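Labels A, B and C are assigned to the chains in the order they are written; within every chain, residues are numbered from 1.
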Amino acid sequence: MSSIALPHAPPAPPARRLSSWQAWGAIFIAPYVLVFLAFVLYPVSYGLWLARDPASYARLFADPIFFRTVVNTVVFLLIAVNLKFLLALWLSGFFVHERIWIRWLSVIFIIPWAVPSIPTIFSIRFMFNPEWGVINSVIFRLTAHDGPNWLNDPHIGLGLAMLTHIWKSLPFWTLILIAGRLAIPREQYEAASVDGASAWQKFRYVSWPSLRTLYLTSTILSMIWTLGDFNSVYLLTGGGPADLTHVLATLGIRYIRLDQVDLAMATIVCAMPLVLPLMWFMMKNLSRADRQ
Amino acid sequence: MRRLYKESVLLLLAIPILLWTLLPIYHIFLFSISSKDSAFSGALWPDKPTLRNFGTIVREEHFYLHHFWVQIWNSLWIAVAVGALTLATATCAAFAISRLKVRGGRTVMNLALFTYFIPAAFLAIPMYKAMGAYGLLNSRWSLVLAMVTLAAPYAIWVLKQASDKLPYELDEAARIDGATPLQLFRLVYLPLMTPSLVAIGTYALLLAWNEYLYAYLLLSHERTITLAVALGHFISADDSPWELLMATGLVYALPPAAIYYAFRRYMVGGLTAGAVKA
Amino acid sequence: MASVAFNEIHKSFGSTKVVHGISLKINDGEFMVLVGPSGCGKSTLLRMLAGLEDITAGSIAIDDRVVNELESKDRDIAMVFQSYALYPHMTVQENMGFSLRLRNENKNVIEERVGKAATILNLVPYLERYPRELSGGQRQRVAMGRAIVRDPKVFLFDEPLSNLDAKLRVAMRAEIKALHQRLKTTTVYVTHDQVEAMTMADRIAVMNEGRIEQLGAPLELYDRPANLFVAQFIGSPAMNVFEGILRDGAVEALGARWPAPENKGIPGQPVRYGIRPEHLQLGGDGVPAEVVVVEPMGHETELLVKINDIDLIVVMHGRFAHAPGERIFLAPQAANAHLFDAASGRRL
C-alpha cells in the first residue's frame, strides 16, 4: 500500500525565484562595489592609460637615477624582507614561551607598528644626525672620534632605511608567525620530547613543516608591500644624498611632485615585472594551502 | 639548574629586544622634554627636563604650528570617518557574501583582496590623478575615500571569516520566524558580530590616523592637511625646531598607542584570525 | 484544516538528483515521521516544505494551497532544528518571542503567548537565561517553545533529538508526543532513528535514496513490511534475513526446512526468508543451531546463534539456562515468516 491518493494535479513548473533575498544581497554589497569601481578600477585603468606612451619609458631609462633606483629596490627587497622574516621566525619562537613578563614584552614589542611613521622615522633620522645626534655623541664620548656621516653615505643610508623598515614592520609579521606557531597542537611537541628530540630537531621536524607555507606566503606578500614602502626611505633620507637612495616607490612620487605624471606612471609599470611574479607565487602558495 | 639556565637565556634575549623596540620611541620622548639647546647636545637625558614644548604646541606659538588644532582635528575627523565608513561598507559586504550568499560574492571578495597586490605607493599615484578627475583634491573626502578603499578589503575578509563561524541555521530559523533581510542584519547579525566590528573599526581608524603618503599627496592647504603632513613640513627647513617636532610627534603618536593598548586583545585576535585559517 | 500534500516532488542539486517524484499526503492533526538512512532525502523534503530549499519540480500544498512560491514566513509553519538554532545573544524569553517581535506585535500579547508556551514546557524559571546557560534538553524545549508561540499550521522537526544523550532522548520523545496530543497540530518529523519513528508516529514514511519505500502505521510496517529494505530497517534488533529456495510449502535454507506461509510464490523460486528475532522461539524438534554469544538484558535475553556459518539473532523472554557452545533448536511459525523475492526484494 504505497502513497499516491491524490487527484492528478499538474506539477508546478520548476520556479526560478528571483527571491528578494538575492536582491538584498546585491544592495548590501553595492557600496563596496562602488568604492572598488571608483577608487581601484578607475585609477588603475587611468594609470595604465597614462603609461601608454613608449616615449615616457625612453625618457625614464635615460634618467641616470633610474637604474640606481632599480638596484636599490632589488637590494631592499631581497635583503630587508628576508632578514626581517628570519628575525620574525626567531622572535616568534621567543614570544610563544609562556611567562608573564614575556607577555608584557610582546605588548611593548608591537608599539613600532602601532604608532605613526612620521615621528618615529624622524626620530631615527635625528638619532643618526652626524653633528648632534645621540649615536654620534655616544661614539664621541666613548672613542673621542667622530662617528660616520651616516645618512650622507648612500650605502649606509640605504642600509639604515632597510633597518627602519624592519623596525616598523617586524612586529606585524612576528604576530602572524606567532599565530602560526600557536596553531600547532602542543601534543606534537610533547611527542617529540618523548622521542628525545633536541630544540633544533623540534623546530626542524615539528615547527617548520607547519610554518613553512605561512612563512613563504607571508614573505612573498611582504615583498609586494615592501615595494610600496614609501615612508622608510622618504622620511629617513628623502631619497638622498643626490637621489642615490631612491627606491621605485619614492621615485614615482618624486616625478609626481615634479609634475612629470607620465614618468611617474612609467616607473610604476616598470615595477610590474617585480610584482607580477610575486603575485603569481602568492596565488600558487595560497591554493596549495587551500588544498591542504 | 637547567631551568635557571633557560630563564636567564630568555631574560638575556629580552634586553636587546626591549632596546631595539624602544630606542626610537624613547628618543622622541627625550626630545619632547628637552629645551632646544640640550636637545642638540646629544645627551641621553636632558639636564633640565621641561614641558615648555607642549605649551608652545598648545598655544600654536611657532610658525609651523600655527594651525595645530585645526590639523589635529582634521586627523581625528578623517580617522573617525574612515573607521565608520569602512565598518559600514565592509559589514554590509561581508553580510551579503557570507549570509545572503549573494551571487558573485566570492569574486568580489577576490577582487577586493587584489587591491593588496598593488603596493600602496604605486596605487597612490593613479589615485591622486583619479581624485583630481573627480574634483576631490584637497578635500577631506578624498583622503577618507582613499583610506576606505585601502582598509575595506582586509575588513571584509576578516568579517567574512568571523561571520562564517556563525551557524547558518540561525539565519534559517530567523527566516522561518519571519525575518526580512534587514531584520536579520539588524537583530541577529550585528549583535553577534560585535567583537569583530570593534576590532575592524579600530584597525581602520588607526590606519587612517597613521597615514602619511596619501595625506601628503591628496591634501595641500594648511587648514585641510592632517597633523602627519604638517609634521612632514618641518623637515623642509634646516633650522627647524626639532624638539617641537618631536613633541608634536609624541602628541600625534599617543592616541594610536593608547587605543592599541586598550583594544589589544581584540586587535591581535581579530587581525590574526584570518592568517592561520588553514 | 492543515493538511500537507507533496505532489510529484523532484529535487536535484546541480546534476545530482536526490528526490525522485515523491507524493505524500499528510492529514490534518497527523504526526507523520519521515525515517530513513543518511542521504535518503528526508531532510531535503522537510526543508522544501519549510521553504529553505527550492523545489526542482512538483508542488507542495498546505491546506490545499500551493506554497511553492511562498516565502518561509508566509507558509505559517514553525521548525525545530537539530542544533536548536537558538539566538545566542537573546534570553529564552526573547528567543521565544522573536517571531512576534518581527511582526511588531504588541508587547503584552508577546508576553502572554510566551508565558503560555513557557508554562506548557516548564520553562518559566528560565525565561531570563541565555541559551549558553541551559542544558541540552532545556535548549530543545526552548526551540519547541519558539515554535509553539507561532501557533503555526504545521510543526516541522529536523532530527531534534540527535544531539541528546540516550536517556534524555527517551524522556524528550515522550514530551514531544504528549505535546502533540495536547496541541493536535499537524507535525512532520524527520529522524534516522527507527525507534523514534515507531514510538511517536501516527504514520511512518520509510525513505531510501529519494523514494518512499513504504507508507503506513507503525505496526503495519512492522508486521507486513513491503520490501526487504523496510523489513530490515524497522525493528530492533533487525529482522534475520537469509537466502533459500521455496519448495513444498517450506523454504530450504541453511541446510534446514523453514515453515513458510501458504499460497505465496512459485515452487523452486529463490527467495529471501525473513524472521524477527522474537519469533525464533526455542522448540524441541526445530532447526538446530549453535549458541555463540549470550547477552542477558534482565527482562529478556539476546542470543547470537550460528547455523551453517550464518549468524542469527534470537530474542527470548526471561533468562536463558544454557551456555555458549551449546546446541539448541529453533521452531519458528509459518505465520511469523516473511518471504521476499530474491531479486527485487519485494514481499511475496
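Note that a contact is a pair of C-beta atoms (placed from the backbone, for glycine too) under 8 Å apart; a residue touches a chain by one contact, two chains touch by 3 or more.
Only a predicted model underlies this, so the values are computations on that prediction, with no experimental measurement involved.
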For chain B, the least number of touch steps when starting out from chain A: 1
Maximum inter-chain contact count - chain pair: A-B
Per Cα centroids, the chain farthest from chain B: C
Rounded Å distance between chain A and chain B, as computed from the means of their C-alpha atoms: 16
Geometric centre distance via CA averages, chain C-chain A, whole Å: 57
Where chain A touches two or more other chains at once, by residue number: 20
Chain B: positions in contact with at least two other chains: 180
Residues of chain C touching at least two other chains: 71
Chain C residues touching chain B - in the complex, by the definition given at the top: 50-52, 71-73, 77-79, 81-83, 85-89, 98-99, 102-103, 146, 150
Chain B residues within the chain C interface of the complex: 167, 169-170, 172-180, 183, 187-188, 191-192
Interface residues, chain B side, partner chain A - complex: 10, 13-14, 17-18, 20-25, 27-28, 30-31, 39-44, 88-90, 92-93, 95-97, 100-103, 105, 108, 111-112, 114-130, 133-134, 145-146, 148-149, 152, 156, 180-182, 185, 206, 209-210, 212-213, 217, 228, 231-232, 234-235, 242, 245-246, 248-250, 252-253, 256-257, 260-261, 264, 268, 271-272, 275-276, 278
In the complex with chain B, residue positions of chain A that touch it: 20-22, 24-29, 31-33, 35-36, 38-40, 42-44, 46-47, 50, 91, 94, 97, 99, 101-102, 105, 107-112, 114-120, 122-124, 126-127, 131-134, 136-138, 140, 167, 175-176, 178-180, 182-183, 213-214, 221, 224-231, 235, 238, 249-250, 252-253, 256, 261, 264-265, 268, 271, 275, 279, 282, 289-290, 292
